[in-house]
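In the two complexes below, chain A is the common chain; its partner is chain B in one and chain C in the other.
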Partner chain A sequence: MTVIKTADEAKQDRAYLQSLTELLYQLADDDFIISFRGSEWLGLAPHIEEDVSFSSITQNTMGHAVLYYQLLEELGEGEADILAHDRSSEKRRNAVYLEKKNGEGDYIEEPYYDWALTVIRQYLYETFKKVKLEALLQSSYVPLADTAQKVLMEQTYHLAHWKTWVRQLQDSTDEAKSRLQFRIEEAWDEFLDVLELGPEAKEMEKHQLIVSEEELQQQWLADVKDTLTYIPDKPLQKTNGSGRNGEHTEDLTQALNTLNEVYEMDKNAVW
Partner chain B sequence: MTDIQKKTEIETVLKSVDDPELPGVSVVDLGMVHGVDTDNQKVFISMIPTFAGCPALDIIEKNVREAVETVEWVEHCDVSFSFRQKWSTEAITEEGKKQLKKHGIAPPPKNYKPGEEWSVNCPYCDSPYTSMDNVFGPTACRSILYCRSCKNPFEAMKPVINYEKGVVQ
Partner chain C sequence: MYNFVEHGGKETSTINEDPVKYEQFMKRIEAGEKIEADDWMPEEYRQTLIKLISMHGISEIMGALPEKEWTPKAPTLKRKLGIMAKVQDEMGHGQLLLRVAEDLIKPYGKQREDLMNDLLTGDLKFHNVFHMETRTWADAGVVGWLVDGAAIISQTNMLDASYGPYQRALQRICAEEVFHAQHGEAIIMELAEGTEQQRNMLQDAVNRWWPALLMFFGPDSASTTGSSKQEVTTKYKIRKSSNEELRQAFLDKYLPRVFSLGLTIPDETLRYDEEKEYWIYQQPDWNEFKKIISNNGPRSKERIRLREISYEKNRWVRQALAPAPAYS
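The block that comes next holds the complex of A and B.
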């Protein structure tokens, strides 16, 4: 395997660089948007301890997005802050399911959010994040493998947290079970693009940046089956399109508009 | 002054730079200083960041730079964070652990394996009869616990160590 140790080395090979930046945008944008949805629970979580936990997880996950944006900056993609704030929705590579609103209403007025959606989404996502990061430990791009190691050291706590929620709720009242089942059914229709690597998937594998989609998906499904007591009897789908191709919904536009509100007021402000 | 003398002087200065939230606990004792290099009047400090997204990192960088630049012969100090080196709670020194206890923060458990249960003694009365209230605390690196013996709430440094693939969670 050809090991690429620095950004300058990566820039020597155009095909390699293209696959690498595509993969990094997916990693960065996924963590970025799920952190935003997490931040919208601030002050609304079911109890005070959960508010502390979830906001800590969210802040930490946003920190992971920053690490990937910094890797992109080193590769000449522009400043990390601008990559996070100033890219239109069609340039975003996050999976569509992750941008979905937390429920009805909005944060400022009547946030009728759904905790079952959040528990299922966070659990399914963190499970996949771990599978992906473990694969990235062997990545041919050393700065990415190093970052994966760093993130895994912290993410262990996030996954354990959501696994606890899933286990307790699926073992709880009939209402809890049916709410979870409804969101699991929904996830099976919408989750598939989270598990995908987009149009560059084959190239990424060829350059040994990451393993194949099939391998990642099999591992994820095995892990999920270990924890979830209810698994839908239907294939996984991406009914809202694929974020890996830049396809997105109105929900992402809403998220970006909220996120960028202050930034858009004065793009040159120094913090 | 030789390079070795210079480095020693800088290392002494760094021992006076505390974590902004933990007065008395230096960045050296937290295991955040990776290397010190000098080149004539220039000093280069490489540091190991703790948790990703920790908002204190920018403040620490500034405090380190300002402290080093007070040294008479130093004209410029450059501070960089590198993720090549992984910070783990095992890097905290014995002195660091002692100082943490003064803040009511238990040092991380020894020989921790990721995903495994862990327990720490109360930093006030040293009782092992403690319970975890929340693994997530006021900052990314700390958890919230309670001592059933002396009835005090306290915090503990959340253990983070190098991750090995395939560990059961």
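The block that comes next holds the complex of A and C.
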């Protein structure tokens, strides 16, 4: 296996570089957008203890996105801040399911957020994130493998947190069960996008950046079946489009308009 | 945040206390001993602590909301991480303090849920500054720099408070507040040294926040707004300095910094009296202050509404977590 130790080395091979940057955009944008959705929740969680834990997870997750944007910066993609704030919707590689609004309403006025959506989304995402990070430990791009190791240290707690929520709720009242089931059904229609690596998937595997999509998906499904007591009897789909292909919804536009509002006031200013 | 203790508080006296126990208690206070949750304490002391600490706790929680408005909008990755860390800390302070308050209300058969309900009914007030609007990103900076700066001064004043659980919570809170003020100051510095638009935004925020910052420490004396429990908190060694002493300390610390950044204060009468060694300033409108803290401030309703929505929307979660049989 060829091991690529530095950004300069990676830049020597155009095909390698292309797959690597594609993978990094997916990793960065996924964490970035789900952290954004998390930050909208502050002060609205079911109890104060949860507000503290959830905001800690959200903050760590933003930290992970920053690490990936920095790897992209090293590879000559531009400044991390610009990558995070100044890329249009079509350029974003996050999965569509992760950009979905937390519920009806706005985060400042009348936020009718749904805790069931958040628990299911966070749990499914963190489960997959762990599978992916563990695969990335063997990545041919050493700076990425090192980053994965760092992220995994925090991420283990995040997954444990959401797993606890799933276990508590799916095992409680009928209302909680049915709310969770509704969101699991919904996730089954949309989650495939998260599980994919996009048009470069085969190349990524060839360059030993990460394992195959099939391998990742199988591991994810096995983990999920271990925890969820309800699994829909239907194939996983991506009915809202493929974020890996740059297809996105109005929800992402709303997110981008919010998260770059101040940045957009003056892109050349120092903030 | 004790300055609110004087409002809406149930008047208690020490007349009905067991004189022997009371005397022993006061000896402990005067000897600088720390009182613990399970120790005997006079009703007046307990009531004062409940008011003080539950208000402080709920103010930390409500205090995260104005900055939350700017958390998703922070203009760089570094600022996003900084403000996320800050709002998380504030929630953590709220949690820490509510736990201290919970122990104090236990003898009355009350719990956390009652405190949260008191917030929704208006019985539990939160700090005046958190009723204010945060109109621009500069407001997020001013909150971090000057509101947290003011909080540091008022909380440092109680670092040696006679009630042990509160005193210990304050040690940790004050340590974190220092980082908050640094975070706020970093935002302010960039704006102050930035473009004309950024400078204007900052000056505008300072102008709007000025009266609220003066109000932060509470009125000078009882005569301004009616009764005052300043004396009670001093008697029991919960606090050291008076409202006005704290406000003067704040002005001493921050006005030179404000001026050195080329910013102005919207008060033409503001000056330092060299002889008397204090700041002379235009009193804020204390009637407005009373209005604000009785939940009629610029953003009071909207912020309380957020807690209401959270309470309603998460009812099913509370029921799911409650031990069977589920409560309504």
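The rule is simple: the second predicted complex is superposed on the first by the 271 of 271 C-alpha atoms of A that agree within 3 Å, B and C clash if a C-alpha of one lies under 4 Å from a C-alpha of the other, contacts with A are read in each partner's own complex, and residues count from 1 in each chain.
Definition applied: a contact is a pair of C-beta atoms (placed from the backbone, for glycine too) under 8 Å apart; a residue touches a chain by one contact, two chains touch by 3 or more.
Small disclaimer: the values here were computed from a predicted structure and weren't measured.
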{"item": "Which superposed partner A:218 touches (first chain B, second chain C, both, neither)", "value": "neither"}
{"item": "Contacts of A:137 with chain B and chain C, given as first, second, both or neither", "value": "first"}
{"item": "Chain A residues touched by each partner, larger count belonging to chain B or chain C", "value": "C"}
{"item": "Touching partner for A:150 - first (chain B), second (chain C), both, neither", "value": "first"}
{"item": "Chain B versus chain C as contact partner of A:111, first or second or both or neither", "value": "second"}
{"item": "Contacts of A:160 with chain B and chain C, given as first, second, both or neither", "value": "first"}
{"item": "Contacts of A:52 with chain B and chain C, given as first, second, both or neither", "value": "both"}
{"item": "Chain B versus chain C as contact partner of A:63, first or second or both or neither", "value": "both"}
{"item": "Partner chain in contact with A:265 - chain B first, chain C second, else both or neither", "value": "second"}
{"item": "Touching partner for A:229 - first (chain B), second (chain C), both, neither", "value": "neither"}
{"item": "Interface residues of chain A shared between complexes with chain B and chain C", "value": "49, 52, 56, 59, 62-63, 66"}
{"item": "Chain B contact footprint on chain A (complex, rising order)", "value": "49, 52-53, 56-57, 59-64, 66-67, 134, 137, 143, 146-147, 149-154, 156-157, 159-161, 163"}
{"item": "Interface residues, chain C side, partner chain A - complex", "value": "61, 64-65, 68-77, 79-81, 84-85, 87-88, 91-92, 94-95, 98, 137, 187, 190, 193-195, 197-198, 302, 305-307, 309-310, 313-314, 316-321, 326"}
{"item": "Touching residues (chain side chain B, partner chain A) in the complex", "value": "51-55, 83-84, 86, 88, 114-115, 133-140, 144, 158, 160-163, 165, 169"}
{"item": "Contact footprint of chain C on chain A as seen in their complex", "value": "36, 39-40, 42-49, 51-52, 55-56, 58-59, 62-63, 65-66, 69, 80-81, 84-85, 103, 107-115, 168-169, 172-173, 175-176, 179, 258-263, 265-266, 269-271"}
